[in-house]
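Next come two complexes built around subunit A: one with subunit B, the other with subunit C.
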Partner chain A sequence: MADFVQLIINGLAIGSVYALAAIGFVIVYSATGVVNFAAGQFVMFGTFAGVATLVNAQLPWPFAYGAALLIMALFGALFFVSVYLPLRRGSIVTIIIGTVAVSITMQNAALLSFGSWPFRLPSPVEDSAVSLGGAIISLHALAVVAVTAVMVAGLWLLFNRTSVGVGMRAVAQDVQAARLMGLKVNRLLAFSWILAAVLAGVAGLMLGPMWFADVNMGDPIALKAFAATIIGGFGSLPGAIVGGLFVGLSEVLGASYVSSAYKDLISFGIMIAFLLVRPQGVFGEKIQDRG
Partner chain B sequence: MNALEARGIHKRYGGLAALADVDLTVKNGQFVAVIGPNGAGKSTLLNVLTGLAMPDEGQVLLAGQAITRMATNKRIRAGLGRTFQHGRVFARLSVLENVMTGAAIRGRLSESDLRDFSMEIIEQMGLADVAHEAIMSLSYGRRRMVELSRALACRPHVLLLDEPAAGLNSGEVDQLIDRLAELRAMHGLAVVLIEHNMGMVMRLAERIFVLNFGCKIAEGTPAEIQADPAVLSAYLGEGYAHAVV
Partner chain C sequence: MAMRIPLQIATAIIVLGGISGMVLPEYHLRLLNLSLISAVAVIGLNFAFGYAGLISLGHAAFVGMGGYGLAILTTTCGWSPWLAAPVAIAATAISAGLIGYPLLRLRGHYLALATLGLNVSFYIVTSNWIAMTGGTNGIARIPGLALGSFSFSGEHQFLWLALMVLALIAAAAAALHKSRLGREMIAVRDDEIASEMTGIDTTRIKIEAFVLSAICAAVAGCLFALHMRFVAPEDFTYAHSITYLAMLIVGGEGTIVGAVLGAVLLTFLPEWLRFLGTAYLFFFGLLVLGILVFLPTGLVGLGQRLSRRSAKTPLLASARAPEATS
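Now for the complex of A and B:
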């Protein structure tokens, strides 16, 4: 039982990271219709922003995290200005291919800046653990779940209780009508990209202590976030959360009770099953129902 | 000063002249209608006025200020409001949230003031009982009223209405006519109405512009328009004059 509790917490922790990556993915997709193939590299940049501020610059924790997230916010704005804005008049496919190009560029930029040797990103609650139902739970894992819960609550408030969030939802549905309400559409779209980058930054900072900071870590994260959005429902925020947690749990439980060699097969197998049986996912709408 | 003015508007789509040398003048607080057969260029004119389409030639002025190349959202902030022909509410927002998107241009309001302001508009429009409902659960007629509320929340000086009575039953049209007359009296709005419902046009409009094949063929009071042979021939039909008489 103790082992099971430990696995559940660990699964929820890694699932929380996938959920945050998936939420960033969904925010951008909902607002712009763009499937961001650089989403995994955004998380990787978040981890390396932490490496730069915590490990290299040796800043105190709060400043290091703040600086890393500020770097990610600036990166989101830069991405909007230099990739999305110039390409937005083209087809969506053009922008999507642009994100693929950027993902390759980001990976190589990280390789040039940090080298191929993995780093270890420390956690502020390193080596701390609590006992829960006989299981020894890493405090970092609990912190990841708690931080994700706070982020999700904050996002809910943003989208449902503020005019900025309502405006973002309006832009996501009908850009032309949003312009006719006087909404500053470009500013709201820029905010969507910045928000996605900051969420990826939070995911990266939390993932760093669980995985090694490796310039190649982006692709597996992107695939997991993608699986989470498919399972939860493409374009659905609750879906991204549920899907992320589900992928994290299936990965950890599958590795323990089946085989670590098949842990990815289980989550991707479930994703394929959803695509075949319920392509709209748990919370998603059928594509023909949108609009 | 005129509330809204379009001077010598030309707009071509490929070889088709959607608008050819069209003028439109709307005085402060005046109710103007633009009528004409389908494809006459009425919606294109509204698109040019709101910046959704740029004219090839001509000028648009709002309260005397040239806005011809101004972005749509800036025109709305400068005092234009518009509804769409087929009703384009934000389907996944509630009634209140839809109206909030219009009220949000009043950037200096706090979040709670913005909600209160939106609720005031909703109450004025008789939608208070459904303020928190999902908009797609409303009847088509009430959705059109939400769209009108949303445009009013922008606090426009000039309101452009693109076939607001389309799809409404006669009772709903009567309600809409009363509501528009009230709103105009309450807010001193200038209104540009595009509509095929001639009963509504003749009851509300002080001045009517008639378009046909992208050209303005007549302009005048409802009585003048109803007696204009060119309008009867191109749009209203010869029988209309006899029916009115």
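Now for the complex of A and C:
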């Protein structure tokens, strides 16, 4: 039982990271229609922004985290200008290949600046653990779940209580109508990319202490975020959260109860099953294209 | 008349490939062989994506099924490659049909992510099913192909095999483009509802396009196994699927000439960027992005634009010809 509680918490922690990555992916997809294959590299950049500020520059952690997220926000803006704007008229496949090309460039930019040797990104609650009914739970895992919960609440407020968030939802529904209503569509689209990059940054900073900071960490995260998005429902924010937590739990529980070699097959098998039986996922996107 | 374009394409491939084979040094010859193998796979992808509009990010899994099929049959079962290749290709075609039947109801990015999941699953299975696939160590000591006493194992000898196969596949693809099936595929891509209204069984057409693409992929996989004499899960990851798609887009989607050009360009591009040292992949990504932004119709589209500009009179017939025929 103690083991089980421990696994559940670890699963929720890694699932929270996937959920944040998936939320960033979904925000960009809803606002711009772009299926961002560089989403995993965004998280990798977040981790390495943390390495740069926390490990290399030795800043105290509140400043280091702030600086890392600021770097990510600037990166989101740069991505909007240099990748999204030139590609936005392209077909789905052009955008897929384009974002993959950028992710190759991002991965190698990280490789050139940080080298192939993995880093250890420390956590502010390093090495502390709490005991819960016999289970030893790392404080970092609990902090990750808590931070994700706060982020989700913040996003809910943003999208439902602020004019920027409501404007973003309007753009996601109908760009033309939003423009006719006098919304600054381009500014809102740019903000979607920045928000996605910052969320990926938070995910990367929290993931760093759980995995090693490795320049190749982006692809596995992107694949998990895709699986989470499909399972939860393409384009749905609650879906991204549920899907992310589900993928994290299935990975951790699958590894210890079924087979550690085939743990990833479980999430992808379930993703394909969802596509075949319920392509709109748990929460569903009410659009065509599912056949 | 109907066979003129396929014959032209096949002749061009053999002649240009043969000349390159005489002038290129050994190492570049190896790259040329790899690019021809990719070209076979990309022509296959052109059936699914270029003609029928099915976005597949799982093409490398079918290349892998062909490669692993040949590898297992020749090493574990001790078959001759001549017998193993057709069996591996047929098995891949059947699997593609079985997979395609449920999967091809999906469209757009749903299909893209489903096929991506398929490719990732293929990787997980091949790297863990050690009894069958040797796991991450792969399968080595695949026998080379020989015809009597002539062995296709050297780079020069293999080049002729690859050129022959590519020419054959390219000619068949060009002939198919002109056929009823080819036109039906394009109709399904352009407007699924309208083509259904005219009596086309769109589900059947999509599955046929998918199976045809898997057959070419399996042929490429067999060639790959015979060339490298070794297969491993790393050779058939979803990154390879994306590379195949990139080759098709960079060359010019929907055209056979584009598929071949794109395969050759993207195989040699990293080589040409070697002078950048460790930064070459950094620029590779930027360059591919640049091609997508500035040449949205690929190299073939660029060629058409240039030829249209040089010919002052708008020769619509000649400008359109490559688009409609190649």
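Basically, the second predicted complex is superposed on the first by the 282 of 291 C-alpha atoms of A that agree within 3 Å, B and C clash if a C-alpha of one lies under 4 Å from a C-alpha of the other, contacts with A are read in each partner's own complex, and residues count from 1 in each chain.
In the analysis below, contacts are C-beta pairs under 8 Å (C-beta built on N, C-alpha and C of every residue); 3 or more make two chains touch, one makes a residue touch a chain.
Quantities reported herein were computed from a predicted structural model and do not represent experimental measurements.
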Following the superposition defined at the top, how do subunit B and subunit C come out on subunit A, clash or fit? fit
Between subunit B (first) and subunit C (second), which does A:D264 come into contact with in this model arrangement: first, second, both, or neither? second
Which partner does A:V185 reach: the first (subunit B), the second (subunit C), both, or neither? first
Considering only touches as defined above, state whether A:G154 meets subunit B (first), subunit C (second), both or neither. neither
Counting only touches as set out at the top, which of subunit B and subunit C does A:G115 meet: first, second, both, neither? neither
Dominant toucher of subunit A (residue count), subunit B or subunit C: C
Should A:V100 be classified as contacting the first partner (subunit B), the second (subunit C), both, or neither? second
Counting only touches as set out at the top, which of subunit B and subunit C does A:G133 meet: first, second, both, neither? neither
Can you pull out the angle centred on subunit A between the C-alpha centres of subunit B and subunit C, to the nearest 10°? 90
Regarding the shared-chain residue A:I272, is it in contact with subunit B (first), subunit C (second), both, or neither? second
Please work out whether A:A170 is in contact with subunit B alone, subunit C alone, both, or neither, and reply first, second, both or neither. first
Quick one: is A:I230 in contact with subunit B, with subunit C, with both, or with neither? Answer first, second, both or neither. second
Minimum C-alpha separation between subunit B and subunit C after superposing on chain A, in Å: 17
Check subunit A for residues that touch subunit B in one structure and subunit C in the other, and list them. 291
List the residues on subunit A that touch subunit C in their complex, please. 35, 37, 83, 86-87, 90, 92-94, 96-98, 100-109, 111-112, 219, 223, 226-227, 230, 234, 261-262, 264-265, 268-269, 271-272, 275-276, 279, 288-291
Complex interface listing, subunit A residues touching subunit B: 161-163, 166-167, 169-170, 173-174, 176-185, 291
Residues of subunit B touching subunit A in the complex: 50, 52, 71-73, 76-77, 82, 84, 88-93, 97-98, 100-105, 111, 114, 150-151, 154
The residues of subunit C that touch subunit A in their complex are 49, 55, 57, 102-110, 112-114, 116-118, 120-121, 124-125, 128, 239, 242, 245-246, 249, 253, 278-279, 281-286, 288-289, 292-293, 296
